[in-house]
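Look at the two complexes coming up: chain A is in both, with chain B in one and chain C in the other.
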Partner chain A sequence: MAEYVWPAAGDRLHIGKHISRLDGPVKATGRAKYAYDVNRRGMLWAIMVQCPHAHARITSIDTSAAEAMDGVVRVHVIQDVGTEIQWAHDEIVAVAATSEEVARDGAAAVKIEYEVLSHFVNERAVDEAPDAQPAQAETTGDPAAAMASAPTKSSGAYHVAQIAHCSLESHGQVAEWQDEETVTLWASTQAISGVASQLGEQIGIPASNVHVETQYMGGGFGSKFSVDRWGVVCAQLAKDTGRPVKLMLDRDQEVSVAGARPSTHAEVSTAADADGNVVAWDSKSWGSGGPAGANSPPLPYVFSFDNQTHMHTSVPTNTGPARAWRAPRHPQACLVTMRALEDLAHAAGMDPLDFFLKNIEKTGERASTYVEELEKGAELMGWRDRWRPRGSGTGTVRSGLGLALHTWGGRGHRSNCEVLAYRDGLVEARIGSQDLGTGTRTIIALVLAETFGVAVEQVKVTMGRSVLPASGASGGSTTVGGVSGATRRAALNAVDAVFERIAPRLGTEMANLELRNGQLHFKDGSMAAMPWRQAAALIGVNPVSATGANPGPGQLNDSGVGGIQMADVSVDMETGVVSINRMVAVQDCGLILDMKLAESQVYGSLIMGVTYALTEERVFDPHTGQMLNAEMEFYKLAGIEDVGEMIVHMMTGPGYDERGVIGLGEPPVIAPGAAIANAATNATGVPINEMPMTPERVLAAINGGMA
Partner chain B sequence: MRAFEYSSPRTTEDAIRLLSAEGAVALAGGTDLLSLMKDGAAAPSRLVNLKAIPDLTGAHETDGGLHIGATTRLGPLGEHRVIRESFPAVAQAIAGVRSRQVLSMRTVGGDLLQRPRCWYFRAGFGLVPMHDGQSMAKTGDNRYHAIFGNAGDAVFVNPSSLAPPLIALGASATVLGPDGERTVAVEDLYRTPASSDESEFTLGAAEIVTGVTIPMRSSSNATYEIRNRKGFDWPLAAASVAVSDGGARVVLGHAAPTPWMSAAAAGALAGGISEASAEAAGDAAVADAAALSGNGYKIQLARVAVKRAALAAM
Partner chain C sequence: MAQTRYPKTPRDEQPEAGVESAETKARGPFSRRQFLRGSAAAGAASAGLLSGILDDAAAQGEPGVAGPGAVDMAFKINGKAYVATLEPRVTLLDALRNHLDLTGAKKVCDRGTCGACTVLLNGDPVYACSVLAIEAQGAEVTTVEGIGSPADMHPIQQAFVDHDAQQCGFCTPGFVVASAALLNRHPNPDQDTVHRELGGNLCRCGTYAGIRAAVAQAAGGGTTNG
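Moving on to the complex of A and B:
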């Protein structure tokens, strides 16, 4: 019986090394086929007609002109007369035609009339919201009394704009029916297994008859868990026409309806004692992510104080609905908390590094990790030599430093894996997981190769199909723990199964066998080691098969990480332009399987963080409620020149490795905005309290709200 | 997408004849027109490609100055010896485009005649969008809109990269149409429309710009742009300055429905460029600026752009 553990530090063949992602070459050369690239014989294109109003009731739909057009094969009413539409760009009708161009013309020929209703899209003006939903305050201790008697106080208002996921590959899929009861969906999804179940249910066939395939995925960030209305419509159109149908969202639809991160606005008061210990926290927040409003961000974030109170108001708006965005609610909470604490440190006359260290016990069980990470970050940033009190700079361009802490769970999800060992020496993992581009495929291969003691190139990963052993959705940093746990257990079981099969043929006991460095070893030395391929030949024509699952026996993964980031920025005091000089990210995530992939996750997160910190926001027209920047010209994503130098340090070794694998998708994207805002505040000498930190907002802060 | 004819004449005469049909539109680099067509904001019945006309491309020195053909691409133009040595204001404006893809396709004529980036215009509400009898942009989100020349309903900004430096350098444009050729100052290519039915250009039916000529006058000149992103991004403010023995010119981009010439700023620089006169030029440039509801910050940026352009020219 296998012992379900990760190999000890000295025994690791691949784990912890810098291994390049296996699908890098096919992606770089364009050979990787995404959902958008799938083209089937006789395929139709579908285009959806969008509602131009943010709030309206459909009064009539006339599809006759579209239906009469050459090349239009089917017009499908998605939302019928009488339906109340709650956001602009919502889908009303889909047109399937023989080409994308004809489908577009057909969509333009559909006539829809609306009764236009009043809309609300500016949640920042919470007092004007027609349907604000305040929640009960959550209070610990007596913040009012603690605040009243404290010598150091600070207060501020902090704002985080609503942003979109803006996945480079938009949402969508190709659907093709094999027979009346069986459909294949090539989907851009974070959840192949879940989408199969959802589509089966909604279209009235067994989930097992829905085959979802996702080999490569162009970004989801939390917005691609559902089959979505367009997935069901696509499958329905394919069924009705008897032809494959492709339906991918246009860029404007992608940015306006396919995912939003809720805004957060907060007013915070804090207090500290004479030594710089935080003694009180009082926050009121509100925000919106569409018709359902927004749940409260976790405030205060990372820290818990003896005396604290928080109250949140959810503000429904007539805007495209929120979806989970990488570390839901955390980046907003991080900005509000870390800016407020930086302001309190300033009021206390302390270096924020000292101030955060002083209060680090209030972070709970990760306190010692944060201390190690802050010290490492300070070393990499040169913080102790370079930090100057707020507003010390002179001249037109002033630089400053800022820091922020974050936390996340990241426990592995439910996952199943089958491992097959063939007599030609190939070892295969079959697993119903998807790879969002994070390197999941590489991780599975690496764990399998590690366990069999062979090179990563000697194993095969079959994944991305819902017919394979079910694995959870890729979200919440749960994938790496889930698939590595399932694969490790399956692979250990498979090694045992191989030994069981071949030991008699070698005239020995299975307990006498061991796979190491591509060779089969005999522990008792009775025979010389033989290459794995030679040993595998004894398997016979039937491959050995074994399964493993997560969760399962043995401690292979864990939950809960810290992480700190520091920013070095320059601000042009005359233009308000913020430039990133350097970002330092220090991150723990338990046992790191592939150092290169882990570091890449952090680099990507920093870039995404710089984007939402400096340029990215959804802008809505007050007249129509339409999103004004639902394209990539004014929905501004950072370019490589905007990113600055990035320094990533992963915490490894004793204290970290033995925890097992912990997810990394969310943690490093939480703190960049807060660290950058604190650095901009330090540089300018005035509180920079709003994201994105556009020249407009930074100048307004510098000019005391005059701009 | 509306079906359209495509023609690629070899002479300007053929081009003018082909452009005389209803709905015909000239196609140069296509960096603007093609996206307008994809967005449904333009639906020409005929595209007349100008890039195959040999006479329209390349830059060469003439008695009147440096003549630049209308279909000369921005990228190569930025490398031209005379542009680099004598007209840094043009080279800097080209560098400000930031996209290698755009630089390799966008032409001089196309840059001068590109349509505004106003998000109401691009969403199909028209160049002078109205809502309940009021200017939609004026009462809506106008963070990128005009701070000059915005008293009427039109508040979009002219997006041309080359217009500010060319106007500052006193360049002229050659215009060819069914009635022959005429020469106009580059600034006279532009007008402010009163409604979405009117054009923001002064070109007549079937007229094209065939080239521009920059007089070979010795000047201190420079362009300065302020952008949110360092990469490909529209400037929030841009200014070109040229100071010669004949006087000074200061032109702002992304500031008004037309490239905006500031006589007051030019006056401040007439005596030469210094730290003080540059500062004064910035102040003078925005003395009569008028903020809309959401673009007051652009006044500060315009002031700084003028000042820094002057200092860069010093």
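Moving on to the complex of A and C:
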């Protein structure tokens, strides 16, 4: 029987190397077909009419003018008269037509009347919220007493705005029915298996009759787990018209209704003893991600103190609902905690690097990892030589350093994989997972190739279809552990199955065979090694098939990572503009399968962090309830000139590799905002407590609250 | 192949000779001044494009309106001839994606902000969402599909693969086209030039470090990442 372990460091053929993503060429040449790119013969376009009000009741819908238009094939009422609408841009009617232009004309011709109701969109003013929902405080020890007797204290209010996912490929899909009972959905989704089940239930056919296809998808970041109302509407329109239908969200819909990361506002008091040990934490937070409010961020973050208390209030608003955004609730908690601890370090007269190291045992079981990572980060940033106390700078443009710690789980999800070995030497993995651009396809291929001892180009990955062996949704950094565990086990089983098939034909025993470096070896030396292709010819016409699953036997993946980041920023004291000079990320994630893809995840996270730290915000007009910046010219993403120099260091080797694979999609995106805010505070000498750190807000902080 | 009836709006007073159709050669190319004169004479239309069409159509003794119904159009894209019958309001991006099944250029912001739809028009990068298809007639259109193929990649495409300058890949075609144009203009660009020339493209996954390295490789200037 196979031993379900990863190969030892000296025996690795591909694992840990810099391997280019396999679908790089099709993407770089524009050949990759995303859901948005699927064009079917006779396909209709669907456009949705949105509610302009943040809170309203539908009083009438008149679709007659739209229905009378040449080219309009079907008008579908999504939410009917009498429905109470809870956020602006919610979908009311869909119009399917023979061209995108006519569909837009048809949507514009639909007349809908509303009774406008009162709304609330500004959760920062929690005292004005009509439906604030405070939770019980969670308390350990006696924070009030510890606070009262401590020599060093600090307090502050910290604010993280709502942001949007703003996936470049908007949400949507193409639906086409093969017969009355079978539909294919080309969907932009992070969860092909889940979407098939959801659509089947909602449209009344067996889930097995829903074929979801996602070979490439243009970003999700946690917002694309559900079939969504537009997926059901698209399938319904296709059924009603008997034609394929494409329905993709417009950009304003994408930014306003298809994904929000909740805001967090917090008031924090902290205290330390004379040596700089944190002895007390007291926080009250509130925030919103739409009509369901927002769950509490994990405060205090990373650290646990002997005396701590936290209380959270969820604030429902009439805004497009929250969806999971990479590392849900962690970036907000990180900003609040790391800013508060930096303020306490300042109050204690300490370099925050020393202060964090002093308190590192309070991070728990990852403490030694954080120490190693802080030391490595300090070396890469030149922290010891370059850090100066807060506000030491002079002149118009002042620079400063900041740091932050983060943590995440990232254990592999449930996944199945079938591996087939064919007599022409091809080895194929079949797995119902999806590649969001993280490199899942490449990871599966390299694990399969590693296990068979062949080149990555000699294996094939068949994925992105819901009819394949079920695999989990791609979220929460669970995919890499899930698919690599399932593929490794299936591939090890397949190697055994190949040996079982060919050993008699070679006149030897299974146990005498071994695959290494593209060759079949005979352990007893009874025959010379033969190329894998020659050995595979003995498989015969029926391919060998074997399956594997995650979880399963052997520790192939684990949960729980640390990670630290440091920022070097400059702030223009006259304009309030924060610019990034350099970011340093030091990250562990267990056994790294593809170093190039791992580094890409961290670079990307730093960049996504810079953009939410400096520019991203869903801005709502309190009077109309409308989102004011639901287009990309006003919902600002950082450009290539905005992100500074980036240094990424991955922790590998003993102490890390033997843990097995741990996910990486979430951890490095958590800390950039906090590190940048601490650096801006260090540079300006005044607390920079709000994200995004727009020039207006930074200038207000510099001027003591007056912009 | 249908004749080119509506030449694209020239960006400059002097259109490139290579893009003139038989008709524009016979009648002389339009200039912006002619458009403005035409507009004034027509006394109604305010948009330069529409006035050009009116001027053009009037000169041929035809009714002075193109559309609103679909009209025949002809394009030269990646060196091949294409014809389509499209409404005059259709953008070049929608013509490529919805009517010609050239889906490399992506629709993201649809209003000239993100650069995902970048194509070359006579060698210059433009946002295809902000050009009307009717304007692109007579021009050499190059999409990402025309820059190279998986089996025969352009050096910038190979460099994007080598430096993993792509994740989800939805912004990638726009960046590839913009980078190819950048290298045509500046074979050895410094970092400021790279940032300026690619500043009109946005990525959400965060691939800028890889893109910087890819451009450096394709320019032959090194492979630093970051």
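Operating definition for what follows: the second predicted complex is superposed on the first by the 707 of 707 C-alpha atoms of A that agree within 3 Å, B and C clash if a C-alpha of one lies under 4 Å from a C-alpha of the other, contacts with A are read in each partner's own complex, and residues count from 1 in each chain.
By our rule, a residue touches a chain if its C-beta (ideal position, glycine included) is under 8 Å from a C-beta of that chain, and two chains touch if they have at least 3 such contacts.
All values derive from a computational prediction rather than experimental measurement.
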| item | value |
| --- | --- |
| Which superposed partner A:Asn629 touches (first chain B, second chain C, both, neither) | first |
| Touched partner set for A:Glu101, first chain B, second chain C, both or neither | both |
| Touching partner for A:Glu641 - first (chain B), second (chain C), both, neither | both |
| Which of chain B and chain C A:Ala32 touches, first, second, both or neither | second |
| Touching partner for A:Ala8 - first (chain B), second (chain C), both, neither | neither |
| Partner chain(s) touched by A:Ala274 [first = chain B, second = chain C, both, neither] | neither |
| Touched partner set for A:Ser600, first chain B, second chain C, both or neither | second |
| Chain C versus chain B, contacts on chain A by residue | C |
| Residues of chain A contacting chain B in one complex and chain C in the other | 101, 631, 633, 639-641 |
| Of chain A, residues touching chain B in the complex | 101, 104-105, 108, 574-577, 579, 614-615, 619-624, 626, 628-629, 631, 633-634, 636, 638-642, 694-696, 699-700, 703, 706-707 |
| Footprint of chain C on chain A - complex, ascending | 20-21, 23-34, 36-37, 39, 45, 99-101, 166-170, 216-219, 221, 250-251, 436-439, 596-597, 599-600, 603-608, 611, 631-633, 637, 639-641, 643, 645-648 |
| Chain C residues within the chain A interface of the complex | 87, 89-90, 94, 97-98, 101, 103-114, 116, 143-145, 147-150, 153, 157-158, 160-162, 164-173, 176, 194-196, 198-199, 201-212, 225-226 |
| Complex interface listing, chain B residues touching chain A | 1, 40, 117, 119-120, 122-123, 131-132, 136, 139-141, 143-144, 226-234, 236, 296-297, 300-301, 304 |
